[in-house]
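First the structure, in the form of structure tokens, and then the observations on it.
Note that the chains are named A, B and C in the order they appear, and that numbering of residues resets to 1 at the start of each chain.
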Amino acid sequence: MSASPLLRFDQVSIHLGGREILSPTSFEVARGEFVCIIGPSGCGKTTLLRAAAGFLQPSGGAALRHGKPITGPSREVAFVFQDYGRALLPWRTVAGNISLALEAAGVPAQERPDRIAKVLDTVGLSAHAAKFPVQLSGGMQQRVQIARCLAQEPELMMMDEPFGALDAMTRESLQDEVSRLVQSTGLTVLFVTHDLEEAIYLSDRVIALRANPTPDKPSLAAMVEVKIPRPRDQLLTKEHPEFLRLRRELYGFLGHH
Amino acid sequence: MSTASADGYRGRAHTESVLVLVLLLGLWWLASHQQWVSKVFLPTPEATLESLTQGLSSGELAGFTLDTVVRMLLGWLLASAIGVALGALIGASSTARIWIAPTLEFLRPLPASAVMPLAISLFGLSSGMVLSVVAFGAMWPVLLATVHGLAAVHVRLREVATALQLSRTAFVFKIGLPNAMPDILSGMRLSMTVSLIVAVVGEMIASQSGLGQAILLAARSFRASELFAGIMLLGSIGFASNALLAVLEKKLLKWQRP
Amino acid sequence: MGLPHLLRPWVFPAVLLGLLEVAARWMVPGSDALAPPSQTVLAFGRALTAQGDDSVLQATAFTLTSAALGLLLGAALGLGLGIVLGLSRRAAAMGFLSIEVLRPVPSVALIPLAMLVFGFGYRMEVSVVAFATFWPLLILTQAAVRQVEPQLLEVARALGLSPWARTTQIVLPAMVPRLFIALRLGVSIALVVAVTVEIAANPSGMGYAMMIAQQSLAPDLMLAWLFWIGVVGYVINLATLRLQRAVAQRMGEINMEQTP
């Protein structure tokens, strides 16, 4: 890596409830990279994401951001949860939900409307600013959550299976939207998913984790670069030979036999 | 069902409902006139109506009604404010909740009027005494609802608050209390019922001006029609306050069903 | 703090009682309103061993009996009418206005009427408790009947069961868990109303004993009664809660989101 990495995991291991969820794992994430983490259930991918976001402390090793240990959540790190319904405030409108991030950051009241409008425009929800979450579809609610995260103006965005609860069509359009967003803002993204195709489609690099790590089969199973040119396309990219090759290579790591 | 027949069905249901009420009124008329029950206990509907209109126009019953309503409302407002404030203080800190919750559970089934003797010892037989008991008694549903609503904030929202680095105060005001709002509002409705009850009991015991004292005196002097008129007014207060609160609740909870 | 779990609920009340002891003994001794808890315990002990009107047992028995009888009456009527209104939408629609007119009358408003008709004693209190418990049980029973799975009723109709058999074999058993929730509410209302009637008018029972203690300027006895009323209410409510939960477990959980 030429520049110093934004995020670095140095032999990070995590024990929860007496079990080793993650064996000592090391990797780096550079600024502007889109990294996907895949693996079967129980492999610790969500746990790893939460440790990177500062929600929990590693049991061993060090998790570093800008070379400094991660002690807790920070406004620089945004987190997109899978259950969008529970992550939004039902009593606030779309604009109000986004405002929460600005209020938390101490942004003065006069500046907020403009910033909210800008971020709504980015995710294409400008027409729905005055609606309540209960009036929105699942995909739209997830976009509100993403918009709130963008309003934080983070340098790092964590996404925990954000499209897992959505139907295939909505998932695909949101994948493209997030891709576009990330390319235009230069955000660094750590994205957890169990969907292999989604992982390859979105990322610059895929990290595959194993469940039930043992000393000769540690958590980190594979780390591969995704050298498919951008911008990517739902139809064409998935027929690209490199896409198919990676898919074959990583298929086994998801617990398939 | 087509709209026309649905309307017809609803119209018929309304008419039948009115008819049943009229039937019951008729039964009352019959029972009182035929002396199935002594006139001492059951006045005729006309006599009740006359007591009602006379009492209201002379200003006497109207004055009593106002006294009771003011007592009830004042106590309710105090109770709600204190209940939310204390509830927020207790509910915001999980440590406070753990230590105090069992005591709250013990106090929950206590009748609100039970502290009246203590209040009489402290404040004497006065309007202030009644108000203090009303406020104290009506405070509990709101307090308990606030504590519960704050405790019930979903873990995801707590994590969002942590991720956004919200201060503890900001969490209570921006997430905790709004989350508790449905519980608090239904607690306030219950509070209103308690307020009315304790206000009436207080008036009876402490001889304070109001409908409670009025109906007690009417019973003691065997003035059944005045007694019934007073009961009707109390029923109306209960009905109106509940209906108004229901409207308010719907407005404030618009986000649940916009 | 490392305290065993069992002791923890008692810490806060112990602190409050300690403060009361200090305040009543040294700050306002001889007060008509406050008495140190130590004295209160003694006063209660005396009342426990007393006979006749001063007896704790007698007063408690009176309150509990009136509450129970009133609940029995109110629940029987409320259940009966509730089942009818729950099964027949037409009946429910017909009764709607009358219920909405009569329901908001606060039960305490009927105390002077009950006093007029029955004088003092059991009947007056039982009638007021019956009125107070009738309405919630009516409403809750009606809702419980409505919430019986429509499929169950379809099955009953398909099997050709008579309305009576339908009610007793299908509707009633399906309703039982929810009925016990209603019963729990009824028990707490019955107790509260009974004590309130005694405080307001009826010269018998725990509420009255407390009022007499206050009037005789015996704050220790008054506070003892207050505490005892709290304990009795708490224990009975807890017992009903356990019963309701046991029933819910045995009879299966059908949409029990409301069970606190």
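Quick note on the criterion: a contact is a pair of C-beta atoms (placed from the backbone, for glycine too) under 8 Å apart; a residue touches a chain by one contact, two chains touch by 3 or more.
Keep in mind that this is a model prediction, so the values were computed, not measured.
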Leading chain pair when contacts are tallied as C-beta pairs: B-C
Centre-most chain [mean C-alpha coordinates]: B
Distance between chain centroids, defined by C-alpha means - subunit A, subunit C (Å): 53
Distance from the mean Cα position of subunit B to that of subunit A, given in whole angstrom: 50
Whole-Å gap separating subunit B and subunit C, where each centre is the average of the chain's CA atoms: 18
Residue ranges of subunit B touching subunit C (in the complex, touch as defined): 13, 16-21, 24, 40-41, 98-103, 105-107, 109-118, 120-122, 193, 196-197, 200-201, 204-205, 211-212, 215-216, 218-220, 222, 224, 227-228, 230-231, 234-236, 238-239, 242
Residues on subunit C engaged by subunit B in the complex (per definition of touch): 8-13, 16, 31-33, 90, 93-98, 100-102, 104-113, 115-117, 188, 191-192, 195-196, 199-201, 207, 210-211, 213-214, 217, 219, 222-223, 226, 229-230, 233-234, 236-237
Contact set on subunit B toward subunit A in their complex: 154, 156-157, 159-160, 162-166, 170, 174-175, 178-179, 181, 255-258
Residues of subunit A that touch subunit B when the two form their complex: 53, 55, 72-75, 77-79, 81, 83, 86-87, 89-92, 100-101, 103-105, 131-132, 134-135, 152
